[in-house]
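I have a structure here, written as structure tokens, and I will follow up with some questions on it.
Which chain is which? They are A, B and C, in the order written, and residues in each are numbered from 1.
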Amino acid sequence: MHMADALVSPQVGIAAAVVAAGCLGVAARKVKNDRRSENAVALMGVLGAFVFAAQMINFTIPGTGSSGHIVGGVLLAAILGPWAALITLTSVILIQCLVFADGGLMALGCNILNMAVTSCLIAYPLVFKPIMRGGRKSTARLSVAAIAACVVGLECGALLVVGETELSGVTALPADKFLLFMLPIHLVIGLAEGVATAAVLRCVADYKPGLVFHTAAEDGAVKPSGHKLRNVVIAFAVAAVVLGGTFSWIASTNPDGLEWSIGKVAGAAEPVASGLSAAASDFQADTAPVADYGSTFSGIIGIAVVLILLWAVSTLLRRRRVHLSKAQSPVKEEGHHK
Amino acid sequence: MSHHFIRFRDVHYTYPGGYEALRGVSFLITHGEKVALLGLNGAGKSTLLLHTDGILMATSGEVNIGDVPVTRKTLPVVRSHVGLLFQNPDDQLFMPTVEDDVAFGPRNMNLPEEEVERRVSTALEAVGATALRRRRPFNLSGGQKRMVAIAGVLAMEPMILVMDEPTSNLDPGARRRVIELVRGFDHTCLIATHDLDMAAELCPRSMVMAEGRIIADGPTDEILSDIETLTAAGLWPR
Amino acid sequence: MSDRLQRAILTLNRLEQPGGGTDGTDIIAAPDSRCLLVLTLIYLVLMLSVPLADIERVLLFSVYPIVESALVGIKYTRLLKRSLWVLPLVALVGVFNPILDTRTVFTVYGFTVTAGWVSLISLIVRGLLAMQAVLILIYVIGFYEVAVAIRRLGCPAVMSTQILLVYRYLSVLLQQVLTMRRAVDARGYGRRHMSLKLWGIFIGQLLIRSLERAENVSRAMHARGFTDRLPLSRYRCWTTTDSVLLGSWTVVFIVIYLVPLGTYLSKVL
């Protein structure tokens, strides 16, 4: 489910990061203004670590024989409220990216959108909350709410993954086929996550009913019937339209927006280099049957040779510097195990 | 300079769930006394300790730290007088490095950075953990964690030290070091513990708790030889 | 699955040892955390903007991990090995390209190299490089400094406090899960995964314990005068070296990005 850097073009990565940062900005303000209790800081911190640990334990998906783990967005939102859950899950995704190299820095925005925003700001307020609000607070209702919310959250996530990948132009697979592949898989995953989430929530409900079955009045973060929820939905719609608009604009005017803008900035230097680039394009025309694939075998070999030389030089340089720094402080030998 | 005593007057505390943890606790601990608080798990020791620092507020009754009654308004004063050591050092060491953790209290008191630095160095030296300064709490040993947690409390320069099971889960060497460390303090000390040997060694006075009440209060050697009381508190096999 | 747990705990511990990312030696010259964070971002943006078709330029971008790792004292082979982890995911997405895009790019000794293969390979190279850049960042300045850099670059304190706390309790909770998991395995008669029902109870237990721990942590914070953010220290100042490092690398990246060095090289050969 984690998107990697290689699969995301910078335009998509940055656009997603901007939207994610916007959501987080709102969340940071909300959480700061109405902390549910004075324990909120520690609670968010420890539960972040909890979700991380919980993701490490797999369960058997009934009827399939394979196993899976949860993302935990709906679970966190049910306990912490959507905004605190968004921040908590984001911190988990960031640590996964930086410490465990799951996903990448450029794809961080996408991953936050796909996993945290979908479950905390879409599935929780639009699915979980409404189901939980009506009628008697029973564990059956809790299960239905959890399963429905998880399915919706994961399908939204799958939709975003397909959108982001296609817009980044890294796959030759057409969007409709990709969707046909992703949506059913995530339906199954969503069902499993939902059942698992419900199981945990039931367990907590036995222990501290107030934690799961808090009434609308207690839920300081989002007033379900008030205008706040509507604002979230509107903000989302606007973000989606802006995002979609930007994407399609970039896609239609220029397949590579950044290259285009840098080319514009560097435009002044163009005439000087024109002789060289003309020669280069002549050369390309001879050898490259596909116009935009300007690669040649000899070019690649040349680069490989340069890189290997560079590596050799760098290694020598590093050894020398390590040697020098050790000579300066002999104490560091202690840390040298191996 | 009369902040060094702790007085509880008929303190009751009921947890939000309805569990009555303290049922009328009264005592006075005067300046420089070292007192052991004995009792089984669930006798109310930890609940009582949390009242000294205003983390829990009495449902009824009154807690005084020196002249200051513990109320929401006086919390900053109370917390600068009372240093509370938690049972599990992992819960207490939440900062990313040892020095940041020890500096946590002083920085929250908005002290100037030089003063923070002085307190951190002094506290780490007092517990003999200067070498751990730049380490992360991740891979410290149990004993080291406990020492650093104590340094974090000492850096607040409290007048009263309140400790919850300072020797639990320690190997004999680390336990010995903690005992020697506490022996050297001239603070007023209240120590909740199951470690009867430590109580006998460190604390001239002991209080015994059972079911939210103090059932005995007196010189430690007398209490530890009073089989009847110990049996009633569940500290001695029936 | 406790392998995965143990590996995670190991990764954490290794990172937290002094000079954890390097081959047993301390980092020689760590730049300011903000400098390296910004540099990494610039690198990623420019490197990932190169069209997949242009495999030569993508390859040239490996100059950064090769040289920078040497500058700070990390073995490049180690970086390379660690970054191979990204392969499965990238390959999964790119695997259709050679099948679907069969235009010929060039021929070598009778072998036809198609556009699909070129894009798959540059996708893989991209993946490796992006990962290596992030690894350098984390190996050199450590996670703690990244959180500090995030706060110093203007991110709300709620966020950096949150990141630091999660990071702190990660190893504690992972250790707890490992212990609990062993207790389950000890009576599990060799079953590899838990049934959903058992899993729910297991994770529910973990959650309840975590909630209790959170309450204790919170008490410990308030006992030492906590208000609403973790006070941080050890601000390293931005030096000229940082500016030079950031500036020169940025120039290198832009040159690689704009100048078709590969074409010149192929003419030389």
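Criterion: a contact is a pair of C-beta atoms (placed from the backbone, for glycine too) under 8 Å apart; a residue touches a chain by one contact, two chains touch by 3 or more.
Model, not experiment: these values are computed from the prediction.
S.K.: Drop chain C from the picture, leave everything else in place, and list the groups of chains that still touch each other.
M.R.: A | B
S.K.: Quick one: point me to the chain whose Cα centre is farthest from that of chain C.
M.R.: B
S.K.: Which chains, taken as a pair, are joined by the highest number of C-beta contacts?
M.R.: A-C
S.K.: Calculate how many whole Å lie between the centre of chain A and the centre of chain B, each centre taken as the average of the chain's C-alpha atoms.
M.R.: Chain centres of chain A and chain B, defined by C-alpha means, are spaced 44 Å apart.
S.K.: Find the geometric centre of each of chain B and chain C from their Cα atoms only, then give the gap between the two centres in Å, rounded to an integer.
M.R.: 42
S.K.: Between chain A and chain C, what's the gap in Å when you average each chain's C-alpha atoms?
M.R.: 14
S.K.: Among the residues of chain B, pick out those that touch two or more other chains and give their numbers.
M.R.: Residues 94 of chain B each touch two or more of the other chains.
S.K.: Using the touch rule from the top of the page, what residues of chain C touch 2 or more other chains?
M.R.: Where chain C meets two or more other chains at a single residue, that happens at 12, 17-18, 164-165, 167-169, 172, 213, 217, 221-222, 226.
S.K.: Residue numbers in chain A touching 2 or more other chains?
M.R.: As it turns out, chain A has residues touching two or more other chains at 42, 45.
S.K.: In the complex, go through chain B and note every residue touching chain C.
M.R.: 50, 53, 55, 76, 79-80, 84, 86, 88, 90-97, 99-100, 103-105, 107-109, 113, 134, 136-139, 152-153, 156
S.K.: Spell out the residues on chain A that touch chain C in their complex, using ranges where they run on.
M.R.: 2, 4-10, 13-14, 24-25, 28-29, 31-32, 38-39, 41-50, 52-54, 56-62, 67, 79, 87-88, 90-92, 94-95, 97-101, 104-106, 165, 169-173, 192, 195-196, 198-200, 202-204, 207-208, 211, 255-256, 258-259, 262, 266, 273, 276-277, 280, 283-284, 287-290, 292-304, 306-307, 310-311, 314-315, 317-318, 321-322, 325-326, 332, 335-338
S.K.: Residue numbers of chain C touching chain B in their complex, please.
M.R.: Its residues touching chain B are 12-13, 16-18, 144, 147, 164-165, 167-169, 171-172, 213, 216-217, 219-227, 230-234.
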